[in-house]
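Both complexes below contain chain A, partnered by chain B and then by chain C.
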Partner chain A sequence: MKFNEWEERKKMSVSSFIAKLAGATALVGLSAFGVQAQTSGEPVKIGAIVSATGAGAGLGVPERNGLLLAEKDINAKGGIKGRPIKIIVEDDASNPDTALSKANDLIFGQKVQALLGPSLTASTVAVGGVTHANKIPQIAFTGIGPAVERERKCLAHVLPPQRLNATALLEYAKNIKAAKIGVLHDAGYGNVVMAELKPLADKYGVKLVAVEKFEIGATDTTTQAAKVKAAQPDAVFIIATSATPFRNVKQIQIAQPVIAAIGSSSYEYVNAMGPAADNIVIPEFVVGEDPLPHQKAFVELYRQTYNSTPKNYEAAAWDAAHIIAAALNKAGADATGEKLCEAMKAPYTGVLANYDFSADDMTGIPISSFVFSKLVGGKYTRTPFRVAQ
Partner chain B sequence: MTLSLVLQALFAGVTNGIVYALVGMGLSAIFKGSRVINAMQGEFAVIGAMTTVLLLTKAGWPYAAAIAGGAVAGALVGAFIEVAFVRYMAKKSASEDSFLLLTIGLALSLSASILYFVGRDGHLLPPLGGEGVLIVMDAVIQFHALWLIAIGIGATLALRAFYHRTTIGLSMMAASIDADGAATTGINVARMRTFTFVLGGLLGALGGILVTPLIGVDYQLGLNLTLKGFAAAVLGGLTNPLGAAVGGLTLGLVESLAIIGISSSYKDVVAFSVLIVIMILMPQGILGRAGRRGG
Partner chain C sequence: MNSRTLLWLVPCLIVWAVLPFVVPRYMADLLVFTGIYTVAGLGIGLLLGHCGIVNLAQATFYGLGAYASAYCTVMMGLPSIVGFIAGAAISMALAYVIGRPILRLTGYFLALGTLALSAIASALFFEWDWLTGGTLGIGGIPKLDLFGFLLDRPSRYYFFVWIVAFACMAVAHNLVDSRTGLMLRSMRDSSTAAAALSIDLQTLRTKVFVVCALFGSLAGSLFAHHASFVSTQSFTVDRSISFLLIPVIGGATSIPGIVVGALFVTFLPELLSKLGDIHQILFGLALVAVVVLMPDGLVGAFGRLRTRLARRGNSNG
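Our next item is the complex of A and B:
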């Protein structure tokens, strides 16, 4: 099956091909849906940009799956006022320049109504320049990033801002009464979360006794882990997008609880952790093995279609597609960007989280949307701990 | 800074250093024998490790046989690259930069092929000597890391003996120092060049197989290893494979001690500043002069 996946991914760079592919899967997939609604007329075109190849592929591939599944679901439920929706998925190869040119093509060439994605913050910032200037609604699969994004009032985000991720880590630390924390973080994603974590730690009465950094793609972080161990923390935070620090922490026998940021929650990393993927707690949203009641339908449908268990990024993309569909249904399929934007600015109960796009950060995810999962023998289990709003 | 922390840094530094050394030795063996800077040396490591993973998990071979299979795969790919590309280009008197471009291209193609055929997932191999660890004053080292160090040192000594004691090794050295001279004494220079690629492939694959139980292998590991191995080889003196062993250990230790001595934020700044100083003081590399005499 791996082979087929790659084949598919390769085709993604050719936009006309992916349109056909999406159309074909939509037709084939219809049988998977119980009640069918008829859609007819000119399709409503939505553009999407994901990082299906390159460093961000660990995010982009699940996101693409979530988008294509959402497209089928929306059309099976009557599309946009009876018209089918068509999501044109493009790959930015994890490169902001490519994302920008794909966005230009989607907006001015394909004349899409709205844009979903991209997967990475740098690409989101780049693409936001075009959507903002042309009043095209955009829903990014990233948490809100640099300050400029606060001015882009029609750029919604379906993943939490890094400040919220940092808060979730600290809430769990408070829950287990850990007052001294050691941190292992990478120089990319980890740096951004760390910048938010530092000022918050004081508020939580938590002392960061060791903060150790390693470069993205580092193959060994043993010495950094040893410094964290030497500081004798009550718990260890790992903020990274790789399996390496998790293995190193287990290798040098750090016995304290390990709490990891959502960035390393994908199965790709968990599988690469091997036996080290045990007893790690992750504040996240979707535990496919034990979904919350409102997540069950999505998880079942995803399993039936892809024969694998979805995690956060699949759900984020699914939500983004449904949010834009809801806005289109409210404002009308031919509504202007501004009208769509207005329609979007409302609370929305998604699979991943409860959003409120009228919030200042264009995300509005409350801390209560987080679930805290624990890895047991490489599988996720949902812990009873939740944070009240 | 406690003694146990220093000890832990030394353990990590030596372990990483040996991996850099194995990749670097392969790189410099190929450079010595063919004047090709092999930018795909890290891919040999990935090929060796991936083949071992596949033989062990998919084909159900015993671990020892799978390791041997992985090492042979590295050697065969090395031979193939020499016969299919390098030999042909050398006949047309290709320049050193053309060879560099060739190996960069091969590195990218091989990485893509592994993504295509094996997929994006990372894989681990079972550690040699089991999951056990040795604890010295609170510092921990895996039994596997001890095996890695022992095998790395063994490979270095074996390589030295090979170059100095065996007819093929001496012929390879002769062909690399003076190709025309070697040809007049009846040495098949072209074949010796194939052997250097076999040797390079074998050393790279061995490094990859040994490091996989510690860090895992995936399709994009190669470039990372090539860069560290290249630094090790240049530091030790590019023309002397044994220099790469010294260079690799130096690099591993400097990196690791920089973390505990200064700060993990400045690890690379400190490590590479030290390397720059070494290269200014010893422009031929630490053992570069010995390499000119034949290593």
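Our next item is the complex of A and C:
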């Protein structure tokens, strides 16, 4: 084939691909968002920081998907008082220093009115120093972290505080009458949940017969799992953001029920667990295979757009974008940060949970928002167990 | 200082002084980080360029400085200066105690030894959450207050950080230009010959390692007061590798090269991040390109280019 001919064909194939892509996008747009409401004027700019690369990419990529879907949805429904919303998404590479620079760029360079994210606790606290000092509303994709966050009254969280995650684990243990618990947790996220779990265990009449910690990113936790097995617990809690402890628990044939914290609920981890994922119970919020009635529209829209099933982090980002949009619609598209904060401080029924941002921790997620799902063949099934408020 | 030096130094100083006022705030923030990384990178440059020692433990001293400042100001309510001094004292003491045995190693083994130190420190920062706050870190670190002038925005903190960086550069320059500098270079080029000249290699290496730790600790304290928050994620082995890249990219034997290297590791990822999720791959490729094509770093390559152009000019003339 002559070079020119080849170039011509390449151009044609690229242009036909673009045409097909545009057609497909238009089709998805029409089917998913129905008739578009008209938006016009200067876009209302919202900044977002996610960990799309690095150690937190398992959280950041789904969050970015949720945000971009929410942006389309909000604009399809008329935007902010007729003006389109524009969510500028930046990647902090899972690094708090980068998150700080990105926050400075978004707030002072791009002049955003509010900030969504970041994905990780350390980045959230670092960025909070800038948003708090400059009275910019921030909705983080994390649970509340260190004590300093309680002083930041315009910082909302769309994921539960770690105390609530610990409570949900214990509630399920109580439900299956497990009095002796073995715990396998990592030195990061697991450590934080564990700190809340210890004081709560007594209250639930649960004895922690073995508590084993392993490094973040550990590729083998067999020794720790064996110690947990030797303590003969009634059930095992695994609190980590990794598939490794689940595989090791299966390898050494721990037969007791395994209950995992929400951190390992993403499909990325479930797929990495392989057959070891079977029968694990996770207290979480969104079971894409069997969504609650108020989650169905979001799950369907997400599937149509991304051809995959959403989980908790996609829903949390979706909620964050809608919460700030609701506050902007209430306070006005050009409202100051302080007015937006005031507008945010109210109950909000989201896809992930029912929030109450007037609560002390600016989250207000009740324990009743948790659903308890069980993994069967790599898919989630919702169990009938719920905790009453 | 001759008139030729003044000719380029004065415009550079003017640009430096007006820069934070003319660039957007996030760029001023990146320039602050450049200053902080310059301080940390200077220590590594001294070890690498003048002693031939690969130090992969700088994040340890950077972390010690940051945690000392955080703990002293937030947990104990002490003035910021106490945090700076405590961090420097702990880092230098640790560098001395660890440096004496570890610096007996050479080549790859020494690099691995420092890498092990960084890995141990990183694990301890995680484990000792009663001291470091673990994953949650320590927040609410106050901004520095200089005689009532609060350094609460990048354009103000920029001047403080860069004055510290220039002071550290002056110390490094004096060290390199002194008799000690000559001994260091002789040790790097032929340790046997240096030992034959009665140079106490072990003591000399340890002293430079201690200076390197001091710079690392200072950078850590500066970082803590800028970010107002410290957590384990900022002091991992990855950060040690980033610090090592600063002299490798800029030029290990050149003090201005450290600034160039710090600019590279601060600004390039930021610029590349506009290109989407492949930015880390592109940054990796850029690093490989610099290391392979410019073994003396960017400053070395610039010097070679200048020489070549001068020769061409002479031959044409």
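In the analysis below, the second predicted complex is superposed on the first by the 357 of 389 C-alpha atoms of A that agree within 3 Å, B and C clash if a C-alpha of one lies under 4 Å from a C-alpha of the other, contacts with A are read in each partner's own complex, and residues count from 1 in each chain.
Here is the rule we go by: contacts are C-beta pairs under 8 Å (C-beta built on N, C-alpha and C of every residue); 3 or more make two chains touch, one makes a residue touch a chain.
This one's a predicted model, so the numbers in the text were calculated from it and none came from an experiment.
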So, after the overlay on chain A, do chain B and chain C clash or fit? They fit
| message | Contact-wise, after the overlay, does A:I46 reach chain B, chain C, both or neither (first, second, both, neither)? | response | neither
Partner chain in contact with A:L340 - chain B first, chain C second, else both or neither
neither
Could you look at A:V125 and tell me whether it touches chain B, chain C, both or neither (first, second, both, neither)? second
In the overlay, answer first, second, both or neither for which of chain B and chain C A:Q224 touches. first
Chosen between chain B and chain C, the partner touching more chain A residues is C
- Query: Is A:I74 in contact with chain B, with chain C, with both, or with neither (first, second, both, neither)?
  - Reply: neither
For A:E215, select first, second, both or neither according to whether it touches chain B, chain C, the two together, or no partner. both
Shortest Cα gap between chain B and chain C in the overlay, whole Å, is 5
Where chain B and chain C land on the same part of chain A: residues 215
Interface with chain C, chain A side, in the complex: residues 52-54, 90-91, 93-98, 100-102, 104-105, 107-109, 120-123, 125-126, 128-129, 133, 145-149, 151, 187-189, 191-192, 195, 215-216
Within the complex, chain A is touched by chain B residues 2, 4-5, 8-9, 11-13, 15-16, 115-124, 131, 133, 135, 139-140, 142, 211, 214-216, 218, 220-221, 224-225, 256, 259-260, 264-265, 267-268
Residue positions on chain C within touch of chain A in the complex are 24-26, 29-30, 33, 123, 126-127, 129, 133-140, 152, 154, 223, 227-229, 231-234, 269-270, 273, 277, 279-280
Within the complex, chain B is touched by chain A residues 2-3, 5-6, 57-58, 212-215, 217, 219-220, 222-224, 226-227, 230, 243-244, 247, 251-253, 268, 271-272, 274-275
